[in-house]
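Have a look at the structure that comes next, please.
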Amino acid sequence: MSTPISRFPVPALQDLPDDVRARIMQVQEKAGFVPNVFLAFAHRPDEFRAFFAYHDALMEKPGGLSKAEREMIVVATSSLNHCHYCVIAHGAILRIRAKQPRLADQVAINYRNADLAPRQRAMLDFAVAVAERAHTVGEDDFAALRLHGFSDEDIWDIGAIAALFALSNRMANLLALRPNDEFYTMGR
Amino acid sequence: MSTPISRFPVPALQDLPDDVRARIMQVQEKAGFVPNVFLAFAHRPDEFRAFFAYHDALMEKPGGLSKAEREMIVVATSSLNHCHYCVIAHGAILRIRAKQPRLADQVAINYRNADLAPRQRAMLDFAVAVAERAHTVGEDDFAALRLHGFSDEDIWDIGAIAALFALSNRMANLLALRPNDEFYTMGR
Amino acid sequence: MSTPISRFPVPALQDLPDDVRARIMQVQEKAGFVPNVFLAFAHRPDEFRAFFAYHDALMEKPGGLSKAEREMIVVATSSLNHCHYCVIAHGAILRIRAKQPRLADQVAINYRNADLAPRQRAMLDFAVAVAERAHTVGEDDFAALRLHGFSDEDIWDIGAIAALFALSNRMANLLALRPNDEFYTMGR
Amino acid sequence: MSTPISRFPVPALQDLPDDVRARIMQVQEKAGFVPNVFLAFAHRPDEFRAFFAYHDALMEKPGGLSKAEREMIVVATSSLNHCHYCVIAHGAILRIRAKQPRLADQVAINYRNADLAPRQRAMLDFAVAVAERAHTVGEDDFAALRLHGFSDEDIWDIGAIAALFALSNRMANLLALRPNDEFYTMGR
Amino acid sequence: MSTPISRFPVPALQDLPDDVRARIMQVQEKAGFVPNVFLAFAHRPDEFRAFFAYHDALMEKPGGLSKAEREMIVVATSSLNHCHYCVIAHGAILRIRAKQPRLADQVAINYRNADLAPRQRAMLDFAVAVAERAHTVGEDDFAALRLHGFSDEDIWDIGAIAALFALSNRMANLLALRPNDEFYTMGR
Amino acid sequence: MSTPISRFPVPALQDLPDDVRARIMQVQEKAGFVPNVFLAFAHRPDEFRAFFAYHDALMEKPGGLSKAEREMIVVATSSLNHCHYCVIAHGAILRIRAKQPRLADQVAINYRNADLAPRQRAMLDFAVAVAERAHTVGEDDFAALRLHGFSDEDIWDIGAIAALFALSNRMANLLALRPNDEFYTMGR
């Protein structure tokens, strides 16, 4: 009755390769439900594996950016790309990780007026630059981040997260990927 | 003396994890040189693995798009993103795969006037839509491709290649990734 | 401690003209709190009176558009203008009026993928055209609405609501108007 | 024979509510003709009242901006919005109020090259920012105005006039509102 | 006391090559004054000769477009380029050639609402396409003009006039070329 | 069999006026082939004469810019305009004049990362500003060039070359002008 999860076929769990199914079971155990991106990407197991490997490499590793800050980058750039799935799903994660129930909506609409530290605003300025005009990103942009204490590894992280969600947003829009209802209220 | 390969540190081959080094040796054997993207991404082995896994999943698999057509998508969208590395490197691959020495330059400048079949022009219209306005891609865009005989799996391929290079172009611009000199003349 | 309501002075209730204060008391009684837009605009009583008269003339009058549909227009166009206050406050009202807790977030991010009827999507296409390119709105745009059964008076309503919030969004951004915390969770 | 005043019905004077008709008679007495905006908006008396109340609250009140300066804001921003009625009608008023017959055309085409004082150019920079990118207007924009001696109340005026004509331009384009022939030559 | 004619040196008439001076005397005799573009371009006699030869080749030759229609193209595209000199000077010529005192202002602000024939509106749609997105002009654009009876030679004329003023507008803005006061009132 | 040179008729050499044919023979003698722009423009001898006179006045005269630098301006701005002919043909000339086989491709894709001196990057910043936003070019832009030692005559040259190719790019796109095969490999 409602809109389907994806414009493309969504496989049944039992038809999936073991490792893909295992990953899905694991996230279900942790979250209590299976985020639709896992089901929709499972239509292409090789892309599924590469995508989540890339995601984990940036979003789960240790580093100078807090996990909440990484989610801010996702929400701010996904909103510019009008990505329904990413804003709703990562907005929920941001609320939980930042423990600020109103932050995700603020960052999605206009991060310039959000309740952020100046360091975080500079981080989002850079992320948005990578999302929208990466070919003009240059020494001035790097210098602005260094002023706030970001290291070169942090700068790679900020840019790479914006780059990964440039991919992710386009895939979600290509698929018309539907966010799970659960995400809308998590962490509010 | 010349511009460095990347704005970020480039590791020495002997310092790399075995699988990363093996992949690099393999491409060197095949191409006769190591494309700089391998060296620059090796600074982050986990991202290296995910990126090339994603690349292979889309660019090397069987499917309805010829390998030359896939490279057309890369060149057309990378040019819109002003990505120095991707246009030069994938332009070379396109010349070789299409066996048309002038095609890559044409596609990079304005695919609408390039020596392409109508089916290929429709394919690039869709790829450019995903690159620039994925949030408005809808049934009309899908229908235009189906008129040219593209299947739904082909459409996923077209969109996913545009999406992957949305990531790749932003990373290459973030790193100011320098193309190898060899690419400029290959296949001309 | 938190961000102020407005970049400009916010008057005390007792210093306001009687009619302005009465209007504020009335909304407080109905909503249980005073939406910050009333306090911030009260800095200029004449503009306050004109703004809310305009608002009521379009949003409260009878007509062919349901009240939920009017709020859809507000949310869709305010989101394009990155107006923090309007998206949060009218998103809450939309949730309540449409009795659909997820609709406001969908419309704010990308109304093209929202759970809307085709008639409502056409309505938002027109509203967005007025918001972004009113000078090219012409017979084709009118005809597209008439196909969905909208009357000329409905078309005026759609365009006029988009026009009023073109003003409202710019004022809220000029003032850095802060939404009340209550709005974030109303109707979820 | 010529283009109609509005795409929507234009009421006869005798059918109007008394206060609306009185306002129209008053402007006719002063100007020698009835500007078409009064006739076209009279189709919706409540919106008529709110619109002109808003207009008078900003354009007729005392304040730090001269009346000519307020008209400069109207002409510069209305031109960016390609609003036929507002550029022609307020261009005439600007010529008269500034007593400079060539200024309105200059401001409409490119205020950066117009015969203006630096203070006025800064004022128009801010007004154009509110018209085109209000969500990024921040402390730097405010500081640039303060350097030229503008008070915070002046800044509200500049931004609010730009905001009001964001509404007005969209309404005039929605209605295809036709300027009176008289405006084209007044004050030249 | 007033703004200079050009940001660059303006030569004295007696210092000019004979043919350049002769051309200037000729236009002065015809118009009653020397349009500033002649004085400013005379700083570079070779460019002066080429520019006016190009101008005459398109604007003075026989052909399917009336001289008023050619000026419409100049005014519509120069306005999009915010070219002070070209809109004012060619607006005056348009008023005179079309014998319609209000047409130039209408075309400059929004040709879609101007008092034009459908054929002329189609002509300006094409001219604006060449001015703003020539790389996407294709068979559809040509077909739209042929529907209105334009020949291929007419289409070259329309596109070439738009192209010439793409040059002219940029030069006038580079020079901050000031229109003569006479142009503002001619033909009103 | 292949795409035609131009969308418009291309005259036979023997049908051309003597001076036009002489110019074509001269370039053929020098280059070893006739660049297609000469054949396509010969359809309109008066425009042919004016165009090449303008070209020579800027590209062949003595001055502060080297001939390679002038070609950089052509390639950078023609690429932004997606002009197939100009990027390919002038890319070839740039390779030859700069004696750097990779420079033309770099400048076409993203001059900001090309192997250029800071003075040349500033020159291209200004040229691109004239190509894309000439109406906002002002004292700051002039000052940035003077810092690198450019004289006012040099600045005229930079801006005028960008302006001439604003025309040239639009004409080539209007004609769908096809570059000669020879250009693709010259100077590599």
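Note that the chains take the letters A, B, C, D, E and F in the order they are written out, and that residue 1 is the start of every chain.
In this section, a residue touches a chain if its C-beta (ideal position, glycine included) is under 8 Å from a C-beta of that chain, and two chains touch if they have at least 3 such contacts.
Because the structure is predicted, anything quoted here is derived from the model rather than measured.
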| item | value |
| --- | --- |
| Chains touching both subunit B and subunit C | A, E |
| Touching subunit B and also subunit F, the following chains | A, E |
| Chain at maximum distance from subunit E, centres defined as averaged CA atoms | A |
| Contact-richer chain pair (by C-beta pairs counted) among E-F and D-F | E-F |
| Inter-chain centre distance, subunit B versus subunit E - centres from mean C-alpha coordinates, in Å | 44 |
| Inter-centroid spacing, subunit D versus subunit C (mean Cα positions, whole Å) | 23 |
| Where subunit D touches two or more other chains, by residue | 82-83, 110, 113, 135, 173 |
| Contacting chain pairs - touch in the sense defined above | A-B, A-C, A-D, A-F, B-C, B-E, B-F, C-D, C-E, D-E, D-F, E-F |
| Residues of subunit C touching subunit D in the complex | 7-8, 43-44, 46-47, 49-51, 53-54, 56-58, 61, 81-83, 130-131, 134-135, 137, 142, 152, 156, 159-160, 162-164, 166-171, 173-174 |
| Subunit C residues within the subunit E interface of the complex | 135-136, 138 |
| Residues of subunit D touching subunit F in the complex | 110, 112-113 |
| List of subunit E residues in touch with subunit D within their complex | 2-3, 79, 82-84, 87-88, 101-102, 105-106, 108-110, 113-115, 173, 176, 178, 181, 184-185, 188 |
